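Chain lettering (A, B, C, D and E) follows the sequence in which the chains are written, and residue indices restart at 1 in each chain.
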Amino acid sequence: MKLVQQRSKKSGLSPGTVIHIGEQRAEAVKITLFNYAGTRCEERVVTNLDEIRLPADGTVMWVDVGGVHKVDVLEAFGKQFILHPLLLEDIANTDQRPKLDDYETYFFLVMKMLTTTNRGDILVEQVSSVLGYNYVLSFQENGTDAFHSVRERLRGGKGRLRQSGSDYLLYALVDGVVDQYFAVLEALGEKIELLQEGVMADPKPDTLKDIHALKRQLLFVRRAVWSLREATNSLSRSDCPFLHEPTKVFFRDVYDHVVQVVDTIETLREMVSASLDIYLSSVSYRLNAVMRVLTVITTIFMPLSFIASIYGMNFEYMPELGWEWGYPFILGIMGVLAAGMLIGFRQRKWL
Amino acid sequence: MKLVQQRSKKSGLSPGTVIHIGEQRAEAVKITLFNYAGTRCEERVVTNLDEIRLPADGTVMWVDVGGVHKVDVLEAFGKQFILHPLLLEDIANTDQRPKLDDYETYFFLVMKMLTTTNRGDILVEQVSSVLGYNYVLSFQENGTDAFHSVRERLRGGKGRLRQSGSDYLLYALVDGVVDQYFAVLEALGEKIELLQEGVMADPKPDTLKDIHALKRQLLFVRRAVWSLREATNSLSRSDCPFLHEPTKVFFRDVYDHVVQVVDTIETLREMVSASLDIYLSSVSYRLNAVMRVLTVITTIFMPLSFIASIYGMNFEYMPELGWEWGYPFILGIMGVLAAGMLIGFRQRKWL
Amino acid sequence: MKLVQQRSKKSGLSPGTVIHIGEQRAEAVKITLFNYAGTRCEERVVTNLDEIRLPADGTVMWVDVGGVHKVDVLEAFGKQFILHPLLLEDIANTDQRPKLDDYETYFFLVMKMLTTTNRGDILVEQVSSVLGYNYVLSFQENGTDAFHSVRERLRGGKGRLRQSGSDYLLYALVDGVVDQYFAVLEALGEKIELLQEGVMADPKPDTLKDIHALKRQLLFVRRAVWSLREATNSLSRSDCPFLHEPTKVFFRDVYDHVVQVVDTIETLREMVSASLDIYLSSVSYRLNAVMRVLTVITTIFMPLSFIASIYGMNFEYMPELGWEWGYPFILGIMGVLAAGMLIGFRQRKWL
Amino acid sequence: MKLVQQRSKKSGLSPGTVIHIGEQRAEAVKITLFNYAGTRCEERVVTNLDEIRLPADGTVMWVDVGGVHKVDVLEAFGKQFILHPLLLEDIANTDQRPKLDDYETYFFLVMKMLTTTNRGDILVEQVSSVLGYNYVLSFQENGTDAFHSVRERLRGGKGRLRQSGSDYLLYALVDGVVDQYFAVLEALGEKIELLQEGVMADPKPDTLKDIHALKRQLLFVRRAVWSLREATNSLSRSDCPFLHEPTKVFFRDVYDHVVQVVDTIETLREMVSASLDIYLSSVSYRLNAVMRVLTVITTIFMPLSFIASIYGMNFEYMPELGWEWGYPFILGIMGVLAAGMLIGFRQRKWL
Amino acid sequence: MKLVQQRSKKSGLSPGTVIHIGEQRAEAVKITLFNYAGTRCEERVVTNLDEIRLPADGTVMWVDVGGVHKVDVLEAFGKQFILHPLLLEDIANTDQRPKLDDYETYFFLVMKMLTTTNRGDILVEQVSSVLGYNYVLSFQENGTDAFHSVRERLRGGKGRLRQSGSDYLLYALVDGVVDQYFAVLEALGEKIELLQEGVMADPKPDTLKDIHALKRQLLFVRRAVWSLREATNSLSRSDCPFLHEPTKVFFRDVYDHVVQVVDTIETLREMVSASLDIYLSSVSYRLNAVMRVLTVITTIFMPLSFIASIYGMNFEYMPELGWEWGYPFILGIMGVLAAGMLIGFRQRKWL
């Protein structure tokens, strides 16, 4: 999770130039094609891009592209589906914020998929999709199989998926991405609960690092989700002809989910801020406690030592030194003094 | 009160799949049916769902369902009243935010009911309702009898309830839920007053825990109430035919109440924040007081002890040691020194 | 000034039930009636509610009710003027926020009157008014004579009051309430100026209590005023037939005043927050000063005492002890050491 | 700069009563009249108000009034130009916020002029203007000659001023006031730069006072400027017939300047806040440094003194005391101990 | 980067007076002229302003002016292209905020170009452009060749540039400026990452200075970018005839970039704020650690020294002094005491 992606290599290039911005990758791009309508469902791995042709028979086509680091593949799609150069540029540049662009004959939607690694890190992956009237193109930054469950549902033929148009397919993809957010938030929520317990019990510098790391993760998650709210809201209100009324109800539902995700992120952020407050308060309270101990010790032993040092002076004429009961008498005075101060401290509740 | 509900078990399922998300429960679902109009009022406990039929005789029907953990019950309702699958999914998933969805032939309203336990905890329970032109369905997460007073008013026949349509019944339900909020806020308000007195008098780590717990409770209450504001506002402005003008006045009133609840929550939140400020200031002031004591003690006794230790040195030629009045003279000097410093501290207002 | 009013006794009652919420009171309700137009002005104390009748002769009627704790009085007004039950409920419940409700044949306005007691506390009193086309009803929570000056102007017949309609009378009432706000803000402003001087000169725990009390008072004042802004704005823009154009100019003026009050409250809030910052900074600066004294004392006397204690050791073979100039030599070394450290501290600006 | 102006003396008076609120003043009011059109430009000091008559010959008239503390002068203007009583009240009450009121036949604009005194204080002066279709009235709170340059331009006849209508004259006045804001901000900006250097180099209580004074000044400047933004925006968008299109371009420009002033104020406020953060951090860092010195001194000398005090005990059987090399041996041990601790502290970077 | 530019020298001048505000400069102004359409592209360095004439042959003209400190050059342009005096004033005054002004026959756009110097400072340069239907004028504050890549693309004839109108040229200029922002943000982002690592590892006063410098730089960058958002949005939605539909898609893209820049700035700001929190927390934690060491040392050695000083008293009758095992016995007691306290501290986790 870098704060700012290295984007400057694009600087000075003609706009619309397709350049991959993101982690460097070398593996091949995997392209899967689905073609379905009602009971039919054809699935194919595409190796030659020329095979991809818009269906003319009322079926819906879904082309899922795993990897955006091959510029030539993207340009081939651009030619085949007559996509705007800026759109291709945005797909290749994985440093976009979520957004919905309306290109009249198709919609372009950018989302950020979030996954939690085993070590508790959060991975952000850009997922771009193009929605045409009878096709959906989806571009995943890495080959992570984000849409496994959608694929399964297509194959199984259960639910509405095969009965509906390309708009419902896009909904299914968006819903899959948003569902992942809840899993990520659950993981973060548990971490924060642990943190808060820890910060109460024993504040230490590591706690501070944890607080900071969580703050940063939440900041990243928020950036990834925030503007998807607007995008899904637009989808649920669009009056575009290939977004059907019944599907808009589903987009409204996914919009509700995104709103809830954003709400939860804000709550978690407040919780993390509260943890910092508790940390600081605990540390300053502990300082108080330490200083009280120091003060009590000093206040008790300084006068006692002073008395002892008086009778350690070597004056020739110090009558007390010659008294038979001088030593126990002085010890007794010290004892009384110490006891008096202990009682005083106890009354001030310092002990 | 968990920060994030465990919702991930839905991940990857087809949208509209009805799955109970929330606390696991086993008891049976209690269904009560009311059928009323003017002087008539029939009340029945329903065991067989097929008994429930939309009234055809101008009466209003209210079906109150206690428990949403039985998926089959919800699906039966879905079939009987032709409810959208997403709506059923939302009823079963008790991690919704308050909202109003307009499904054209019916409204779907989600609220959060709040109750305070004897131990001062706040319980959140989801209450979903469906408002049709002559029926209201209400689904309570737990069997808590949230609508006891509405039932009593229906049985007694007093007030407008029996004379009005389904919209007024929904209002009565919403009003009952919102009235509860005031009770919860009263309890929180009293706790905060106590806290503020305590934090002034004696700040200690437990106070910090209390501040934090209150902050968290207020955060939860706010999340439960916040978006109900928008929902009730929509109800008071809707131009739907089965929301009658006179009832909208009542919804405007309930909207006013929700706004006031939100206002009060914000005030309470500011008060809790102020408590943290006071806590921190008090702790740091006390540190100052402690350090002053330490400094005064050290400043007085260090020079005295130093003088005593000088005359404890064993040099053979120290003329003072042989003087007859050396000892009382030195004691006198110490006394003058101590008195002088005490006066100095008093002038600086350190004592 | 309680944080949350006890409202829960209404819980479960039928909406529109008129119940007094607020301080318990027993005295009688004083009702004064004015009837005026141009040169005429009749004034009467009403004891029998049946006497009150809407004027049919083009005069304006003002009924001022002192006290809202008698439910039967309110209900009598409800019948006489055909007022909505929710409106009566709101009058009796003194825990409303300022608001303007448009009931088509009349407006309902809730305001909060603020007064400062001699002891510097701020009293909040609810003032509700109903504006009909030829009458104004005003309900004051306590018998405080809030509208004394309006009454005097009516009696004297100076100004526009007697020449104008009921809308201008309402304006006069609102203007009277808003004028009071400035007096309250002046008092608060002076307190804050004093506080800021005090916090600079001598921060002590009492200052913290004062800061907190002011913060709380400002919070209450803000709640009392905030939503009146919207209400007066609505009045100045309403297209209701019995709000005349010339009077709207006056309502715009009163709206300006409310905006200014809100502005001033925000400024005062920032000032109080700044006081807390100064308090904290001063306390921590003083801690620094105290610690410097402690450190200087310790740093000077610890080495000196150490040297003295070396020559207090009882070794048989310590050649220095036998030197004739040993004692003055050691005293000299101590003096040089002390002087050196004093110079060092002065150079570091610690003294 | 008082937090809240004393406005309560108006309390209870009939609205529209013209009462001077502001600093008490006694000197006479100076009234200057300009009458110009194209090449003509007549200038006169007015002593008798009856001389002022609306020009009937296509010329533009500007009456500049220096001082608003003479109520009779204002009322004479009110009669002559048929001004609304509320408008006169607002001119006399110098505690207004900037605003634009549209009275249909004329506009009323309130601005706050800011000037810096030699001692660095900021003076706020209220400037009200009335714009009619062929006249402008301007009322300055004090006799400060705020519009000197406008007068000069009128006399010189350069620029558009004499060729344009009353709207352009108003623009010239507003532009003159807004130009002053930049000078004030420059002065404040320089003070803040100095402050930030000072706070880094040597944080002391005076710095805190400076921070606080600047915060307060910025708060006042913001209040004086903030709502002028809205007022100038309204002027640049008004569709009033005597505001000509070409002049609106100029008002848009002055609006731009006001926006920039507000922007700069916000930046300066953030800078002052940052200064407080730096102050606090520096103070707490210095505390750390002081405490380290204290701890190092204590940690080194306490064990050494302890060792010395052991050999100062008077036990009869302490073999070490009799050893010939006992004294140098113990001195050596002390030296080694001290050196070891110094190395340890250096490794922990405490020295 | 000064907080406030010195603008006061304009005070009192007639509006529309063109005066250079910014760094004083003396070098000549370099003017480059491009004239292109499709395959043609003529490039010329202009020395005589009269040479510049609007193209009448369907070509597009771009005049790039390097330097705005020569008032006569600007005025010559004003005459040639009939530009509004306020526009010329804005070009010469380099203290503008980004904005778009619509002068009907041309647009006026002000941007701020940002560049990072080798030493890590950020330079702000004002770039103003005028877009007419077949020409673009660009004015750069300094001679920095900001538009090098655009020039290259024009010369090369690649991309859409030569095929499109003046609107696309403006887009290319804006895009070039915005691309630079990403480079600046990258540099800032790396600095902040370094800062955060440093603040965790070793907080020192220099860190505080770095935090403050970054805060300030971000504030400046935000001011430079913030209102460009609105300006580019207006361009992408304008219905002006010489802004063609296809070009608006590109302006929408550049608007997206600006939004992303603003987003990133906010994230970076939060990161810097977080650094300050970490700094403060670390410092206060370290204080705790230091104080613990002090307290442990004091608590262990004060009682031990006290015991030793007791047996250093010179009473004649102190039986312990005569015991043969008195000395080792007392040493043993001291050892046990020290060990006990060490164990106690370890249990409290102070060591």
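Keep this in mind: a residue touches a chain if its C-beta (ideal position, glycine included) is under 8 Å from a C-beta of that chain, and two chains touch if they have at least 3 such contacts.
On a predicted model such as this, the values are computed, not experimentally measured, just so you know.
Traced through touching neighbours, the fewest hops from chain A to chain C number 2.
Within the contact network of the assembly, the step distance from chain A to chain E comes to 1. Annotation: the chain B:chain C pair of sequence copies touches via predominantly different residues, less than half of the used numbers being shared.
Taking each chain's centre as the mean of its C-alpha atoms, chain C lies 41 Å from chain E. The geometric centre of chain A is 26 Å away from that of chain B, both derived from CA atoms.
Shown for chain D are the residues that touch two or more other chains, namely 280, 284, 287, 291, 294, 298, 302, 305, 309, 312-314, 318.
Residue ranges of chain C in contact with chain B, taken from their complex: 2-8, 10-16, 84, 86, 90, 95-97, 99, 101, 103, 202-205, 208-209, 212, 215-216, 219, 223, 276, 279-280, 283-284, 286-287, 290-291, 293-294, 297-298, 301-302, 304-305, 308-309, 311-314, 318, 320-327, 330-331.
Taken together, the chain A residues at the contact with chain B in this complex read 148-149, 153, 158-161, 171-172, 175-176, 179-180, 182-183, 185-186, 188-190, 192-193, 196, 200, 249-250, 252-253, 256, 259-260, 263-264, 267-268, 270-271, 274, 277-278, 280-282, 284-285, 287-288, 291-292, 294-295, 298-299, 302-303, 305-306, 309-310, 312-318, 349-350.
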